[in-house]
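You will see chain A twice below: alongside chain B first, and alongside chain C after that.
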Partner chain A sequence: MRAILGRLAICAAAAVVLALLPFTLSGLNQVLAARVALYFIAILGLNIVTGYTGQISIGHGAFMAIGGYTTAIMSADHHTNLIATLPLSFAIAFGCGVVVGLPASRLSGVYLALATLALAVSIPQLTLKFSHFTGARNGISVDGTVGYLWLYGVSWACAAILFVVAWLVLRGRTGRAFRAVRDSEVAAASSGVSLVLYKTLAFGISAAFAGVAGSLFVLATNGYAQPDEFSIFLSLYILIGAAVAGLGSLWGVMGGAAFVALLPNISQSAPLIRSIPVGGQDIAAGLVVVLVMLLLPTGLAGLLQRMALAASALRRRSGIPTAERG
Partner chain B sequence: MSLLSVRNVHLRFGGITALEDVSFDVEEGTTAGLIGPNGAGKTTIFNVITRLYRLDEGDVLVDGSSLLRTPPSRVIRHGVARTFQNVELFPTMTVLENVLVGAHTDSRFERERSARRRATEALELIGIDELASRPAAGLPFGTLKRIELARALVSKPRLLLLDEPAGGLNHREVEELAVLLGRLRDQLKMTVLLVEHHMGLVMKISDHVHVLNFGRMIANGPPQEIQRNPEVIEAYLGGELDESAA
Partner chain C sequence: MRWKFGFLAFAAGVALIATVTSATGAQKLDPGVTAKTIHIGGTFPFSGPAALYSAIPLAERAYFLYVNAHGGVNGRKIQFTYYDDGYDPSKTVPLTQKLVEQDKVFADYGSLGTAPVLATRAYLNAKKVPQVLVATGDSYWGTDYKKYPWTIGWQPDYPGEAKIYAQFINSKIPQAKIGILYQNDAYGQNYLNAFKSGLGASGQSKIVSAQSYDVTAPSVQQQVVALKVAGANTFVLFSTPAATIQALVIATKIGWHPTEFVNNVSATETFMALATKAGGNVEGAITAGYVLDPNSAAETSKPGAVLGKHILDLYDGGKSIFDTNDMYGLASAWTMVQALKNAGNPPTRAGLMQALLSLNLKGNPWLYPGFTEKTSATDHFPVEQLVLARYHSGGPAGIGSFDPFGRVFNNTH
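For the complex of A and B:
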């Protein structure tokens, strides 16, 4: 009970900080903070399929593209309210996720990774084929302009709603079924957990989150949807963000999201990396990933957990070092 | 009618015949032992019943209806739950969460609270309720086997398949297990099919014993009869089929 109250207090504090934060930020930094929110959503979604259910996806950029183009096309061609396109992106990406997840539930490990990689590579190319809808390489722009503060508010509101959705899905029977599938497929099936159903469901939910993130991604990119924005690197950065956050936990996601969103700025201002003419950002990302894997193999979530264990051990003044989780 | 009926089951892996014309019945409310030397096909039969293996010929019936068109995840809905020889738990979950997965097939609308109460009751029945909030990883092997048993029991199965429940248990724990299995049969009216190498346990609690060797059924009958069967003694090389064989 105390643990739940503690978490509620943390959530409330985070909400207050996030509500007050934009008034201290410049317009461009508000956009940057909105990008943190959209990566938060994407990593949260990837965490459901890769962290909880144990299916590696290198293809979530493709679902972001699907969401992004949904928003852009609905707004440009049908003048739909931008906020109204967000649930639509959620639904369409969910459908696509289920369609992909159904065959993907029969694949595992490196084969699944390769199949989702193919998805990430091919979906942006499809926009060139259907240029009438997508504007091909030139892309497609949403109807009207997006204000900085509006973008910040909508992005973080979506992040908050989807965080609650993820928490509700993962806390009980469904979340246990996801983890059961990851830990032992044989035991999960024998306990009545349908592997196909739960793997596909995880993929669908995860894709739906990516879809909303993609919509916000388009809005945060001057309202423009372009195939090059949804390259394979987007998928890789989300996966890297999830690894930095720590898979299988909701609490490290914020750190992973901040890392992915702020990396371009950090690497441009760091003197050593700035001096590299091309690819400095990728080198910085690679360095951080190697460091995280060496120093924090369980990501930020693992670090938080160890800190909590150490704190409770101190509080008990037992003097006995708390055993690390296996 | 028998609760479990295995009829003329054949199973081949490539050129190897794992099960050859295996037939046996387990009557409702009884405890049946399934014994045989290593590699005889005992666990294979469990995997056939729970649909992890697809048999080549024959049929498996539970309460008169065939399981051949049932996917593995729906076998438990026919009232069949099992444990595993080498323990298949969910290591990243707590003990209680492991048992809660066993209650997965409960009505979707059942409250989480009542599922938790039943899982706690299952842990109390097995006598490990004080471990409920511990992570499953890192607990002793004998405890892991008990968690598996609790996970199988929480679904209130009609037929419980136990794959070497005494493996890794010490002498006192085996005694406790025998008492528990007796209670499952006499109080909860559960039907149990037991694969076990601990002959003392099998002979003590089984109503009926089936003997498997090289994928074939070589004998079946009450424990006292099986202990005197020359073919069974032969299969166990040296005929140490008595209480000390454990």
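For the complex of A and C:
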């Protein structure tokens, strides 16, 4: 109980900081902070399917594309309120996730990774096929413009809501089933956990998160959706973010999101990375992933956990009663 | 006493006038302008699928450094900041916001690619930041000026180019049986429609087949074979580099030797050399160009080519081969410097747009000799002339060249 209260306190403190933060940021940094929020949502979603259910997906950029185009098309062609397009993106991406998740539940490991890779490559190309609908290479723009503070507020509000949703899903019976599937499919099935149901559900929820992230991604790109934005690299960066964050825990996600969102801007200013003539950003990302995998195989979340363990060990040794004993 | 009061009143009046004039004299400088510098910036692909175009911003930077070494623009040095957006609009947007809000550039200059420019156009216009001489050949930059007055392009637009091929075929190849390969999107269709309208009603009957391909298609073999089977003797390509190279190679391999027309963006020496290497016979392929070809025997000793190589040697170190992308960068940067010189002293953003809309420039050393850059309040297309050029493989430095021939075409809007 104490542990839950502690976590709630951390969440409340984070909420206060996030609510006050925009007033100290310039417009430009408000947009950057909004990008952190949207990657936070995407990585959170990927974590549900990959970290908690053990199904590797390299295709989450495709679900972001579905969400992003939902927002752009609804706003451009039907003048739907931008906020109203967000739940729609959630629903449509959920549907697509379930459709993909059903056959994917028969695949596992590297085969599933390849199937989702195919998804990431093919979905953005589909937009070229239906040019009257999506604007093909010329893209499609939402109706109206998006303010920086609005973008920040909406992005972090979505992030907060979806964080609570993820927490509620993962803490109870469903989360236990997800983890059982991850740890041993045979054991899970023999304990009465339906593999097809839970794998598909995990895919659906995860895709829905990515869909909302995709909508916010388009809004943060001046409301402009275009196939090149949703390249395979977007999927890879989300996976990188999840690896940096640490799979199977919700607490490192913020670090992974900040890494992915801020890297393009940092790499264009940092003197060392900038001096690399071509692809400095990708090289930096690759190096960080290698270092994280070597030094922190469980990501930032693992680091936090280890620090908490070390702190309690220290307290025990110095004779201060720990929370559990006191 | 009385005259003393009068004197005081007079003095006060003079002082007042002096303050007012000095207040107007010390006017506020536009962002990015100081007494010594003008800061401009742009986004370009240094990585990703279009990274080959990174030669363009490097040549532009070389020219600005050269101008700075020779006194700058009205005594101000040009500072040019460029960022790598990898041709991805979702990266272009935050980098452009960074240029405007953090680096506080005076203008967004030369940014490359249709989608990246479309993604940032509304933002820059809302902020009233000039988005000038963008490096893309779509027509929007010249036609949408009422809605986006702060945006202007530079190079000839794609439809204008297509019409020139049509005019040439109508007048010089009367017995043409035309086969067209075009990319199935707005880019290819813009070309195709302008080409058809350029041919006119009678000319259109010469088209024996028009085949489209999807940009994702792994091969265009089927389409090329269909064009040969239809009996075409004139092959017109409105495609992007990868498909162009493939189509030219396939044509040779199936024993089809038509007269080939290759659109400008796919017709650089580099792409033609790749096609030759893969077994394609591209000798004599025709394109329409507007910048000097430094590898063409007729142009390699032109003052522009010589000066260009000198500047690139000094400030874009160590390149052994120059191609039309280098010349493109120099020519565009030259135009920018001319516009900055006429943008007022100190230059203002409004002044820059005014200067770009009243261009009447002759003698850009890196455009085809004799080409002019002209704009007006209603004509927002700076370069509107093109000349046809024929490909000859194996010029100096082992690289082929596009050698211009025939008259200059005016593509006025």
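Heads up, the rule we're going with is that the second predicted complex is superposed on the first by the 317 of 326 C-alpha atoms of A that agree within 3 Å, B and C clash if a C-alpha of one lies under 4 Å from a C-alpha of the other, contacts with A are read in each partner's own complex, and residues count from 1 in each chain.
Rule of thumb we're sticking to: contacts are C-beta pairs under 8 Å (C-beta built on N, C-alpha and C of every residue); 3 or more make two chains touch, one makes a residue touch a chain.
Since this is a predicted model, take the numbers as computed values, not measurements.
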Fit or clash between chain C and chain B when superposed on chain A: fit
Partner chain in contact with A:R173 - chain B first, chain C second, else both or neither: first
Touching partner for A:D228 - first (chain B), second (chain C), both, neither: second
Which superposed partner A:A136 touches (first chain B, second chain C, both, neither): second
Between chain B and chain C, more extensive residue contact with chain A: C
Minimum Cα separation, chain C to chain B, after superposition on A (Å): 38
In the complex with chain B, residue positions of chain A that touch it: 172-173, 176-177, 179-180, 182-184, 186-195, 197, 248, 323, 325-326
Touching residues (chain side chain C, partner chain A) in the complex: 46-47, 51, 54, 83-84, 87-91, 93-95, 97-98, 101-102, 114-115, 118-120, 122-123, 126, 184-187, 214-216
Residues of chain A defined as touching chain C within the complex: 26-28, 31-32, 35, 125, 128-129, 131, 136-139, 141, 145, 217, 220-222, 224, 226, 228-229, 231, 233-234, 264-265, 268, 277-282
Footprint of chain A on chain B - complex, ascending: 50, 52, 71-77, 81-82, 84, 88-93, 97, 100-102, 104-105, 108, 112, 115, 135, 137-138, 151, 155
